[in-house]
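Every chain is named by a letter (A, B, C and D) in the order it is written, and numbering of its residues begins at 1.
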Amino acid sequence: MFALTEKPIRIGELLDSVTRPGAGAIVTFIGTTRDHNEGRKVLALSYEAYPGMAEQELERIAVEAKKKWAIEEMAIVHRTGRVDIGQVSVAIAVSAAHREDAFAACRFAIEEIKRKVPIWKKELFEGGELWIGTQSGQRFHTEPGAEVLGRFAPHSK
Amino acid sequence: MFALTEKPIRIGELLDSVTRPGAGAIVTFIGTTRDHNEGRKVLALSYEAYPGMAEQELERIAVEAKKKWAIEEMAIVHRTGRVDIGQVSVAIAVSAAHREDAFAACRFAIEEIKRKVPIWKKELFEGGELWIGTQSGQRFHTEPGAEVLGRFAPHSK
Amino acid sequence: MKVKIRLFAILREKAKTGEITKEVEPGTTVAELWRLLQQDYPALDVPGVRLLYAVNQSYVGGEYVLQEMDEVVFVPPVSGGSPCLL
Amino acid sequence: MKVKIRLFAILREKAKTGEITKEVEPGTTVAELWRLLQQDYPALDVPGVRLLYAVNQSYVGGEYVLQEMDEVVFVPPVSGGSPCLL
């Protein structure tokens, strides 16, 4: 199950979709809207996705995880639209025979989602709104070996 | 929430009990009965607990985790009695502002449960049954600094 | 030769549109298309933001040469709020 | 002086009882109680299993000196199936 949804995410369904007789462990990661961020009072988050590619990239993360760890199944659901405080924006479930693999693959999945799945987060805070990752003046850190595919800083033209 | 239960564990309740406005992440670990173990075909597991002390030790793990990581809340529920294949034997949920803390504390909790909470697991497999951890001839590894409080190997008397 | 451009999130808001069909010369790369688009929509010149390029729902490098009716998406930093690197 | 012993899991099955009240001399340690108990119940002499001691629902060392009406539990390896060490 690799899906986008505008409706509240049902964790039970996600768990059912990865439950396997050969699995002794299921690790889940659930992202929720936090009421504060970098000193701002957050009211809600709003997610926008590139449909089609987003689901495909989610599934690609599972394929990659299965190459790296002995996991049984992975499922990921991501919300789009407005997500209020305490509500779930993303849920990942990973089943495996052994817990070490489930933990590692789940951690990998959330890092990969936040790195390369085309889903964008707008923070609605007291006094304004902000697309996360695109604040003017934000400093980006280049990872070793990572390729910067484009930029639009005015001085780079 | 630190509880033993004879009934199926409800993950939704566990999640609700750790959901906090200040949390951006919830990590859960769910242990399920696996259909195989060390070459044996497993039919079910059966858990027996020392009531009172077991819950107290679960809560102690949460207290310890809160000292080590910036987590908001932890909840742990453990089944007693027979748990069939694919059913949940233990569930841990940890909420935190940031995912790193939630992952670390959740991992810590399951390792600690399996190390020192007085809950015992009997494996019912095709051809017999076995209290896990007490197989004759099992070799125990001593961790550095760990204190062996007692033993009853016949040669040690 | 025509390509279809889709804009999301901050780019969609800046350009005030989510979809643009643009006529380009054969041989144009996706990085060149971005610079052409910024000429059409100066509001897209958002400082300090790095982009990825996606064509037909897969990430590509800036040197990718556009084909007739390609669907092009310029991907601003995704939800992590961390560096937007492939 | 009386103490209450509770047995669980493999120990309960081996001894065929879950609860034993035992008369001990003042000054008896919990480790000594275990050896006395093994004399009463030779079936408890399970090879290759390490025990922890708990008194009144907390782990204690083997040198703990028993008090009147203490609840003593000998804790065989717990569910992890890994080394049973405090």
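Note that contacts are C-beta pairs under 8 Å (C-beta built on N, C-alpha and C of every residue); 3 or more make two chains touch, one makes a residue touch a chain.
Just so it is clear, the model here is predicted, and its values are computed rather than measured.
Trainee: Under the touch criterion given at the top, what is the topological distance in steps from subunit B to subunit D?
Mentor: 1
Trainee: Using C-alpha centres only, name the chain that sits farthest from subunit A.
Mentor: D
Trainee: Roughly how far is subunit C from subunit D, centre to centre by C-alpha average, rounded to an integer in Å?
Mentor: Chain centroid spacing, subunit C to subunit D, equals 71 Å.
Trainee: Between subunit A and subunit D, what is the gap in Å from one C-alpha centre to the other?
Mentor: Roughly 49 Å separates the two chain centres.
Trainee: How far is the middle of subunit A from the middle of subunit C, if each middle is the mean of its Cα atoms, in Å?
Mentor: Here the centre of subunit C sits 22 Å away from the centre of subunit A.
Trainee: Going by the touch rule set out above, which residues of subunit B reach two or more other chains?
Mentor: Expected reply: no residues.
Trainee: Mark out which residues of subunit C touch at least two other chains, giving numbers and ranges.
Mentor: none
Trainee: I'd like to see which chains touch which, written out pair by pair.
Mentor: A-B, A-C, B-D
Trainee: If we count contacts the way the header does, which residues on subunit D are in touch with subunit B in the complex?
Mentor: Residues 6, 8-10, 12-13, 31, 34-35, 38, 44-54, 57-59, 61-62, 73-86 of subunit D touch subunit B in their complex.
Trainee: Which stretch or stretches of subunit A touch subunit C in the complex?
Mentor: It is residues 47-50, 52-53, 56, 113-122, 131-138, 140-143, 146-154, 157 of subunit A that touch subunit C.
Trainee: Which residues of subunit B touch subunit A once you look at their complex with the stated criterion?
Mentor: Where subunit B meets subunit A, its residues are 11-12, 15, 19-36, 85-86, 95, 97, 99, 102-103, 106-107, 110.
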